[in-house]
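Labels A, B, C and D are assigned to the chains in the order they are written; within every chain, residues are numbered from 1.
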Amino acid sequence: VTDPLSAALAALLSRHVDLEEGQVADYIPELAGADPSCFGISMVSVHGQIYSAGDAELPFTIQSVSKPFVYALALSDLGLPRVARHVGFEPSGEPFNAISLEPGTGRPANPLINAGAIVTTSLIAGDAFPRIRDTMSAFAGRALSLDEDVYRSEALTGDRNRALAYLTSSQGVLARPANEATDTYFRQCALRVTATDLAVMGATLANAGINPVTGHRVVDEDVARITLSVMSTCGMYDHSGEWMVRVGLPAKSGVGGGITAVLPGEFGIGVYSAPLDAQGNSVRGMAALQDASTRLGLHVFAPVGEARTAIAESTVTGSALNLGLRGEINFTAAEQITRHIHEQVATFPISLIVLDLTDVTAVRPIAAELLAATGAGLTGRGVRIEPIDPSGILGTRSDTDPPPPNP
Amino acid sequence: VTDPLSAALAALLSRHVDLEEGQVADYIPELAGADPSCFGISMVSVHGQIYSAGDAELPFTIQSVSKPFVYALALSDLGLPRVARHVGFEPSGEPFNAISLEPGTGRPANPLINAGAIVTTSLIAGDAFPRIRDTMSAFAGRALSLDEDVYRSEALTGDRNRALAYLTSSQGVLARPANEATDTYFRQCALRVTATDLAVMGATLANAGINPVTGHRVVDEDVARITLSVMSTCGMYDHSGEWMVRVGLPAKSGVGGGITAVLPGEFGIGVYSAPLDAQGNSVRGMAALQDASTRLGLHVFAPVGEARTAIAESTVTGSALNLGLRGEINFTAAEQITRHIHEQVATFPISLIVLDLTDVTAVRPIAAELLAATGAGLTGRGVRIEPIDPSGILGTRSDTDPPPPNP
Amino acid sequence: VTDPLSAALAALLSRHVDLEEGQVADYIPELAGADPSCFGISMVSVHGQIYSAGDAELPFTIQSVSKPFVYALALSDLGLPRVARHVGFEPSGEPFNAISLEPGTGRPANPLINAGAIVTTSLIAGDAFPRIRDTMSAFAGRALSLDEDVYRSEALTGDRNRALAYLTSSQGVLARPANEATDTYFRQCALRVTATDLAVMGATLANAGINPVTGHRVVDEDVARITLSVMSTCGMYDHSGEWMVRVGLPAKSGVGGGITAVLPGEFGIGVYSAPLDAQGNSVRGMAALQDASTRLGLHVFAPVGEARTAIAESTVTGSALNLGLRGEINFTAAEQITRHIHEQVATFPISLIVLDLTDVTAVRPIAAELLAATGAGLTGRGVRIEPIDPSGILGTRSDTDPPPPNP
Amino acid sequence: VTDPLSAALAALLSRHVDLEEGQVADYIPELAGADPSCFGISMVSVHGQIYSAGDAELPFTIQSVSKPFVYALALSDLGLPRVARHVGFEPSGEPFNAISLEPGTGRPANPLINAGAIVTTSLIAGDAFPRIRDTMSAFAGRALSLDEDVYRSEALTGDRNRALAYLTSSQGVLARPANEATDTYFRQCALRVTATDLAVMGATLANAGINPVTGHRVVDEDVARITLSVMSTCGMYDHSGEWMVRVGLPAKSGVGGGITAVLPGEFGIGVYSAPLDAQGNSVRGMAALQDASTRLGLHVFAPVGEARTAIAESTVTGSALNLGLRGEINFTAAEQITRHIHEQVATFPISLIVLDLTDVTAVRPIAAELLAATGAGLTGRGVRIEPIDPSGILGTRSDTDPPPPNP
């Protein structure tokens, strides 16, 4: 018996498998040999469940899909301020191999064009390639291996990438000798992955840096958030704006035919199909992702529909107000709750508020802050708040805490 | 007694009021006269509550903050495909007044640079300016008025905007005579708003197109989503990428000193302070928004923390499985529920599943689809699903429905 | 009996008349109606003789060929330093309608792209169009008239030129209101000329600013030299470098089908044939000019062949040295003469040198300076120089004179 | 006794020696050590006379002044059509180290920017550096040697040039491996020259490819003409247009402090002074050249003054017309002569024309062609032309000869 999500993925593939446009990358013979008919997809939730259809376990080289993950490693090694001295965050409005160095600083525009990716690779400390391979493996939840033939072929034909390396070196933003940085870059691009690997890698970003399959933290929350932010504005090169309008999922594609896409907080998707459009993106992969987004409402800015009130129950008994909350307590919910409490306190002689958080699924920081401030204000007026919080979901941050370090 | 959210906003202002950098726009005398010390902020939830602090009711001209709202009107009039023939969605990597026409099509890169905004204005059907004023008023929830002096001064000094109009006209993408389009554009920029107006306007986009204060639908869901998407990649001109990394709220600023920012599904923020940085953005406004984002975790890709299970209760009684759900049923939740049902059905001789949705706050389309497919699969195996859905929150879309129109 | 030069021009036409490539300009109906088979050429010497073949007297609109002549008028009105504040001299590497404003100054790159030409037109003092028409007429040696239909049509379709005008206006480099400058520009482009007119206009530049047919000075020497310099580097837009390599004549073309080309100091050529290449240059006109250059060695840097000595005769009689000079006395000749004099003075007891300039055709300033310095040096040593200079060809400038005003 | 030309050069230096602006190139220590006070100039005529003043014999590295001479060698090796497949002729409007590859072909814009120079160097056949050194030595008239220290330092710091090499390699226009091409390029730039060497090298181009000091042909006429053409439009990078307006001599500068400038057909100039302006040109060198051009009228388009008639004598004796010609017979002169002959033949019963060319100094091809055609026409009418041409100066090319190969 197939589960319905796997069935939905299979249906998705069947709707686009006949799309015959595009050309398999042929600048090296190792890529040119890919079977244009293979087509696979995987979807991995932040709880670690994997659903897939088609050729989801077929290996191919990761190519440019490696870029955001190596960027995440560089952020982990050095922190955003130091990384930002070497590579920017701005969409360049130009193709993947553009020469977009920022006037003045000489920084490549962003880490997802080749120039920026090579600089990013040069920032990885220590024995760079093994560390990159290990981090990518941690993102994927299994040991990834190098396709030696692809690596050697890329190294032979990679003069444009060498040019970008020397150019950034001459600008003082490349952190290692140009030939060393490009060699590591060619290796990183030649790591073998499957559509399922890409989905797990995306799910790790969706899950705030913890691989939901292995349970291991790969990068921290801030790093995952920054990486997704850069993917959302720069991930599809000079079509990033249209991608955000039409699909609305931070994503990254590679000339190997793979794409990873992420719905933050929910899941990662990996797609594979070798034929590419003129911009170097998998034709069927793009079509499948756009279809999924439109049909299933996956867009990060898609409306949820009119949300119901977070207050499941409100009863006043003597001087006690009993509030039963439910669902995710975001700003909207916290604001409602605060307002409701103030109205009740103004109406009844209340001295105790019991906040039942048993059915609450999550509390956003802004909501925790608002509720804490409400509590503090009431305490000064003789009203005590008593949370029933069996799983300790209520945070304790307040406006007077020191702010988290600015990224 | 001040409510805690208003207090938090007042604290936010006090942290940045001493920031003395920036220059009030002085290209026309009417803007140069603004009081550089005024500073105000408003925050409006999708439930229509308004919180503010400082000079939140001080009027100023909307300027470029008008651009996304007129774009939303154009999308409403013509639909995305027709609008997209005239103006693109790509970040241009260039300043607000850049001449970024796409080679081949002659389209301005996006509707938030001046060239694209003028083209967008030219697309408004009928008596353009009154319609724009009425739509902006509907977004703000009150009748906005024109600052005649600012309008006349802008018209006198607006040669660069006239140049952009004639240029786009010569490319065949301007839909009206150049002098007519620029005249309407100068008027739209000279509409008077307050920080609270900008917050309500943002909240209308956050609320999927329905003004949460008036309850009137201004634009439809798709239009709100597209507008937010374009704001997220192009809203801060050549700093959009960095803004998404550091703040993570779709936003738009104007040289009048206003900024609107949106957390989709939750709220809109309006800020006002006249001194501008070199890129033409309010210095204190930017600082306040970045502070709020960092301190309160407002980033659209901020992690919610480890979400709790959506299954509040699961009991098997005879051949009946009773499932109590809670919170927002997104993909993650639906996938958990589906998986749990399959496990239970495989273990027990279940013929009836009671799905109690009473404590559910929202159901995302992807989740509804997944649950419907699960139900269909079980029906074929003799298992009936019985939802308890007092407020009809469970949608009915399925994979076999016609897809919604592709944007 | 046809003279041989007219015969050579006829032969030139016959070699290219069958060239069928190119399209008549069709952006306005008035140009689209031109007969693609018409083909004419004229050549005018600095002595005012006119040779022509084919449709050399057919009228057409001058279009962009007007640009260098209006630039010459602006230089005459204001001088180079003031003109240079408004428009530069650099080849832009871009097409005719490029938006190439210099960062910082906002100046158009040069006066031969449209933006620069419109700015140049705006610099003409007083009643601009009549003055332009009169100056162009003085260059052509006859009263030129306006093609009203072409003017009106250009004015209707000229939005890109209006854009360039407003853009330069917004940069502060346009000297008149944008609509006024473009209106004058459209008129200047719609003046009717013939291939012979263009040849006379070019010959006026070749002849250092004096119309060789009418004998009237139109502009001064410096203005003619500057104008030719700008034509040599910018005249053929983004093919100026290749034109200088392959043809080597300062030139300017127009979409009306005309081209003017100049061999400084010798002649002007005008060609007419309506079909244009993709860059907007007359196909047959370009072919004829390249053929003429290659076949006849017209390139400005073409070698003259080994020049013969300028000293026709040298005899010493008693204490007198008699030197008979001939031809053009340029630096090379003057250096030879000076060296010869020093050798003779060192060998013989010479007290008088008779310099016979009867057969000298021209003396370059550098040569006059060198001879004067030689004379001064000898005077101090008791040697007198006595020129025989029946036509006063020997100048008197010396190193101690104040330099001519720096352009 | 100093000759007057050397005195004029000394005076020129003294007028600019106090100019203290500019910075000695300091990107490598070997250049930074140059003495900023040294200043020298040399001028060499096409007859091989050398005049100099100041530090004209001080050695420095040739740097970018090597570019036109290596381009001349590439043209000699391969011919223009093959060279033009690799590098263009267009001014790029950009600085020396610009990345200006032509869209489509990937060719660098011209051979005088670094990218184009490296490609040009890669085109040199055989053992490239020795051949380049030998050709440069032939241009200079003495064996030039390599500054090993400068070469090694440039090689260590040359990442931007390596970038340009790999970039052009990736476009398929570099003819050798990138590291090989850059190594040769670094060597070529490190050849040691003096101001006098640069003057002789320029004089060789001025003299149509024959070194006027050694008398050896280095390159052929066409190559010299093409090289001068490219220098005239691209020699001063993004100031080439202004240089042509203000100085009017094809020229090339280098960061070593040298400049070579050429007045075609007359002389070459070499200047040396180490302090550079922001564009990398010798400050005093530029000033001295502009001063010389203005004061001495050296501009290639400078007017000669009103030229005198080329007909020194015209007498009719019986049926014989005796014409005594003088000076350079260019188009203007030949046209006059032809016209005069026709007038005489129409008036008198002439059967013999004696053309006395004894005092003629040069005959341009166009003039020879015109006279030959005149002769052919008259022969058909029974008039014989008898030249008196003691030195065989009259060429024999006619319109019916095959044209010379198109460059």
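The definition used in the following text is that contacts are C-beta pairs under 8 Å (C-beta built on N, C-alpha and C of every residue); 3 or more make two chains touch, one makes a residue touch a chain.
Just so it is clear, the model here is predicted, and its values are computed rather than measured.
Under the contact definition, chain A and chain D share no contacting chain. Computed centre separation for the pair chain A/chain C is 63 angstrom, with centres defined by C-alpha atoms. Our note on geometry: chain A versus chain B, Cα centroid distance of 21 Å, whole angstroms. Distance from the chain B centre to the chain C centre is 60 Å, each centre being the mean of its Cα atoms.
Of all residues in chain A, none touches two or more other chains. Viewed as a contact network, the protein chains form a single closed ring in which every chain touches exactly two others.
Contact residues of chain A toward chain B in the complex are 1, 3-5, 7-8, 11, 45-47, 49, 51, 80, 88-94, 100, 109-110, 207-208, 221, 224-226, 228-230, 232-234, 238-242, 244-246, 248, 250, 263-267, 290-291, 294-305, 307-310, 312, 326-328, 330-332, 335-336, 338-339, 342, 358-366, 369-370, 373-374, 376-377, 381, 391, 393, 395, 399, 403-404, 406-407.
Taken in their complex, chain D has these residues touching chain A: 99, 159-160, 162-167, 169-170, 178.
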